[in-house]
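See the structures that follow.
Okay, so chain A shows up in both of these, paired with chain B first and chain C after.
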Partner chain A sequence: MNSVLSSLGFGIVTASTLLPAAVGFTLQFSATGILNIAFGAQMTFAAFIAYMCTQAGLSIWVAMVLAGLFGAVTSALLNRFLLTPFTRRGTTFFGMVVVTIALALLVEYAVELTWGPLPVSYPMMTSGVVHVGAMSFTRSQLVVLAIGVVFAVATHALLHYTRAGKAIRAVADNRNLARSSGISAQRITDLAWLVSGLMGGAAGVMLGLSLSSVSYTMGDTFLIEIIAAAVLGGVGQVYGAMLGALVIGVLLEESAIVLGGAYAPISAFAVLILVLLIRPTGILAGAAKAKGVA
Partner chain B sequence: MDYYLLTMCVYVVVGIVACWGLNLQFGETGVLNFAYILFVAVGAYTASLFSLGPHTSASYQQYFWGTNLPWPLPWLAAGAAGGILGLLVGLLVLRRLRGDYQAMVLLVVSIMGTYLVSADPGLLNGGIGLSDVPAPFKNQLHTSQVGYELFYLGLSVVTALVIFEALRRINGSPLGRVLRAVRENEQAAEAVGLNVPAIKLLVMIIGGAVAAMAGAIEVQFIGAWAPAGWTYPETFGLFAAVLVGGRGNLGGVALGAFLVQGLFLEGTVLLPNFGSPDVIGAVQWMSLAALILLFMWFRPQGVIPERRRKFGDNEAGALHGLLPAQGLARVARGPRA
Partner chain C sequence: MRLFQQHADTRRRTVRPRRLMAVVAPAAVGALLAACGSSNPAGGTAQADSGSAGGSSGGTLNLVAFDPFSGSDASYGPLALSGCYPAVHLINAAGGVLGHKLNCTSVDTRGDPQDAVPAANALTAHSGNVVAVLGPSSDEILSTINILEQAQLPSFTMSGDSQFDQQTSQYFWRLVPPDADEGYAMAAWATKNGFTRAAAVFASGSQSQADGPSSKAGFKALGGTIVVNISLAPGQPSYSTEAAQVAAAHPQVMFYDAGAPESATFLAELKQQMGKLPPTYVVETEEEPGWIKAVTGAIGAGSLSSLTAFEAATPTSTQPGWQTFSQALSAVNSQVPEASQYPHDPFTLSYYDASNLVALAMLEAHSTKPADFNKYIMPLTQPGAGKTVVHDFAAGKKALAEGRQIQYVGALGPIALDKYHNIAAPFVALTEGSSPKQIGTVPTDLMIKAAG
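And then the complex of A and B:
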């Protein structure tokens, strides 16, 4: 029982890393209808930018902010100058999947060429252990958890209380209708990619912190968990992605305790498939539709 | 050098067969099977189990079951296993899920397969994989290594030709028209009374069987098969080949498989060494990615695009068979020259 509780703590930490990533991924999908397979590779790239900053003597938290900004800018530029031209040429949905796959390969191996195939790690701060009931966290895990919560609250605030956020929801819901009510769809799409890139970049660093190593295949592996979380919540559903992140994160860690580490991903993905068979469009699809949430 | 070229030829044939199966699903019917490499893997494992012989306590590798059957049987068993997996996976994902969800769930299924085999060493020797898979007729034929490779190449080319003819007939038949109708407009196909899920299930089965045959040809040649060889990016390599060659055209797809699987992924080994193996690997994947992007931009229809099919005159029917055959001949000549 104790181990189940303590792994719940790990699960929540995994979920906090997964949350910004899954929200960013799903935001890109809802804003542009692009399933961005390169998302994981972009996360890795940002994580290595943060590594470079820490090597230059910056603190890891400053490095995380810089990596987030880097992720935001590259993500928006990629969308504007690579993906949008492709969609303008009439590349189909599946064609775009292939384009982002190619992009993922390019980024991933550029990272390998630049920083080498061996994993690196961030300089860790003094590690004290904090106990919360049966759960115990290291300090960096607690910070990761806090950042996850901040991202959840910030996303909610952005989408509900700002004009830009409302515009993002409007464009996601019906692009043409949004444009005819005077919203510049292109600018809002750029904004959505900026935000999602920021989340992806930060999530990359958070992943590096919670794995305590950064390797060039990291994002690629993590992408599957992101997709699982996003799909579980219903693709394009921001709150669904949050819920999905929590479920997948906790499931991964709990099943690692109950079934053994090697079987953890299998059981998490099996749950995903079972849920989809019962609710083919994800947990929150119906509820979100009714409330008109993007 | 002969040895290497022959090895590459067999790899190219394997790639071509695998891409043909994928073309039936993706090129002809529009099913986006992101778990495709799983079918190749199932074929390879099945062929291994049907040729390794029963598992004994003395053997250094573990597998749950095994037997030793003469040559065509392991390959046929692999095809059957691929078909059965296609049926199971198809029943799981095709009925209820929307297109984009299907694609993502298939990707997840593919990764689950990798994890499952790696997690349980008793099943198929875990992450280390099976090795020493016997090659057909190797003990009966007393030839040199190069002679045997030539023989194996012949065996795989003949098998590939049989598969080619079968797929060509499917494409030219009323069934082929049905598949393209589903690809072009699913709603319209449903509206004229076609049972779209059943048709997709059928191509999952046939395509899965073809993929498994490709895996079987590969495993009995290289003699080993492990999870590291069938991770999900491999599926994307096959998709790239189909896109580069021209989806919906068997000859074009074969050319694409030759270019991508042969020249890019295997052939770069022939280049002079310009760095460590890591660097070469990275450059290889990056140039493949750049190639895909260039093709998606400049020639999304592929090198040899799908032919426009016409009704009525018989000449069109004759041409129908000729063009892909030319494509194949060109590919078949390529690596030998």
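And then the complex of A and C:
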């Protein structure tokens, strides 16, 4: 029982890293209908920007903020100047997926060319373990957990208590109706990509902290978990993405106890498939239906 | 009507340039690709270097490092070249082979068995000047070795995969010991140090398929107990659960083999949970500079003292073959990044000796065709009455020119190959780090007992 609870704690930490990534990924989809396969590569790029900042002597926390800002700006620019022109020309959904796959490869190779193929690390945090009942957390895990909670609360506050957030929800629900209601859909879309890029950039740094290393392929492998969390919760549904992140994160760790580490990734996706068989739109129905892709 | 006509005219003027671009652009790209392809006979990512000045591309013979130069195992490729460059430097300085200069080139397999197949096909399709392959590695050997064999290219693999312990291809050569022996060495050393409780942590996938089972089986055969058996799936965002399982089992020692990214994560988490790492036994893969750098960044240089590495014994610095190699490595310092890592690296030494064996075999066969000279490689390694022992290419070339039979004893020392073209070698224990120091020799009797 102790090991199950212990793994639950680790799963919550994993979920904390997954949460901002899954929410950011989902925000992009809900705002524009684009399934951005380059999201993982963008996270990786931001993680390396943070590494560069730490090498320049900045603390990891300042570096995380800068990486988040970098992610925000590049994300908004990519959408405005690369992806939007494609959608305006009527590129199909799957055509856009191919475009983002190509973008992911370009970003990945750019990162590899710049920083090399070998993993690097952020400066090590002070060691030490904090016990909470049967669960134990290292100091860096506690910080990651706290940041994940902050992102969850901030996302909720943004979507429900700010005009911008409500506008994002309106655009996600029905872009044309939102436009005819006087909402500048393009500006709101830019804002959504700005916010999602910020979350993706921060998630990249959080992932680097969790892994204790940053490599140019780390975003690729993590993207699978991000998509699983987003789909599980309901494609385009932000709260669903949060729930999906928690489920996937905990499943990955708990299944390592039950099935062994080699089978942990399989179990998470097996559960995803089971849920989708029962509820095809995900746990929380969302914009997928409106976008006609689920 | 006029407006429509004007619109139609505008459309034609607009469409024509687009159609022109639609024709020109692919043609330009095709021309560019053709130009790149014709300058790269190996068909993949190539880094051509002669190892010395003056080699002409028309008569140049290529030794191709067919290994990962990118991806998580990106250190394998430079490892192969670190042995090739010094050998080729000396070979060319001694006048080359049958009027030809030698050249070290590379093909990046990216460490992916699927990506490696087209790379192997391209290599064999343009193999006119290729005399031997330095590779493949464990990452891509299963998907490519048959392609290389069909092309009749002698391949000196760095894979210790057990599947090849009794292989039958005449073109397959392995100058690094089987991975299973690394596992037996770990088990034997743990027993020698009085350990009876071990954790076994190995990556899932091909990397640990030999040393993992042999370390566990060997330790049990020597009376030890495996208290926890963990399989690490690469690419996971966390190994906290696995680290907690190891910590909870309180092992006296840990047998370990996994790639750099997952090792950085797992060992960092294990260190945080246990306070410090238990004595950890690792294999040659974990001695590569990339692995050491990744793990040092995660756990700190001080924690590396918990790690002990095992590798095949290499000659001491007083051995003439090694001395020649060491001097040659210094001479090609500018072509081998972080050259200080390689003087005692068994992979480097194996590729240095492989390059020399290929060159000497060509001289013996009086032919640069692999199908002609391949059968001369084995005899060059075997002792025999009346044979002259040579320690480098120049001495071998001179002896052959004088009509003598030779035994090549190079950087690795005497090379004992079994009938399956696999090398048999004793093992040593080393400290882990950028400048490993030998701690001792693994008792051979315990290794034999562990192997059953």
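Convention: the second predicted complex is superposed on the first by the 285 of 294 C-alpha atoms of A that agree within 3 Å, B and C clash if a C-alpha of one lies under 4 Å from a C-alpha of the other, contacts with A are read in each partner's own complex, and residues count from 1 in each chain.
In this section, a residue touches a chain if its C-beta (ideal position, glycine included) is under 8 Å from a C-beta of that chain, and two chains touch if they have at least 3 such contacts.
Since the model is a prediction, treat every value here as computed from it, not as a measurement.
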Simultaneous placement of chain C and chain B on chain A, clash or fit: clash
Which of chain B and chain C A:Ala262 touches, first, second, both or neither: both
Touching partner for A:Leu177 - first (chain B), second (chain C), both, neither: neither
Partner chain(s) touched by A:Leu272 [first = chain B, second = chain C, both, neither]: first
Chain B versus chain C as contact partner of A:Leu18, first or second or both or neither: second
Touching partner for A:Phe10 - first (chain B), second (chain C), both, neither: second
Partner chain(s) touched by A:Pro117 [first = chain B, second = chain C, both, neither]: both
Chain B versus chain C as contact partner of A:Leu103, first or second or both or neither: first
First (chain B), second (chain C), both or neither touched by A:Val153: neither
Touched partner set for A:Gly95, first chain B, second chain C, both or neither: first
Candidates 1-9, 19-27, 181-189 or 199-207 of chain B: the single one with C-alpha clashes against chain C: 1-9
Those residues of chain A which chain B touches in one complex and chain C touches in the other: 112, 117, 260, 262-263, 265
Complex interface listing, chain B residues touching chain A: 26, 30, 32, 92, 96-101, 103-105, 107-109, 111-112, 115-116, 118-120, 233, 236, 239-240, 243, 278-279, 281-283, 285-286, 288-290, 292-293, 296-297, 300
Complex interface listing, chain C residues touching chain A: 69-72, 74-75, 204, 230-233, 235-242, 244-245, 248, 260-261, 264-265, 268-269, 271-273, 275, 290, 293-294, 297-300
Chain B contact footprint on chain A (complex, rising order): 35, 86, 89, 91, 93-95, 97-99, 101-106, 108-110, 112-113, 116-117, 220, 224, 227-228, 231, 235, 260, 262-263, 265-266, 269-270, 272-273, 276-277, 280-282
Residues of chain A that touch chain C when the two form their complex: 3, 6-7, 10, 13-14, 17-18, 112, 117-121, 124, 127-129, 136, 138, 141, 207, 210-213, 215, 217-218, 221-222, 225, 252-254, 256-257, 260-265
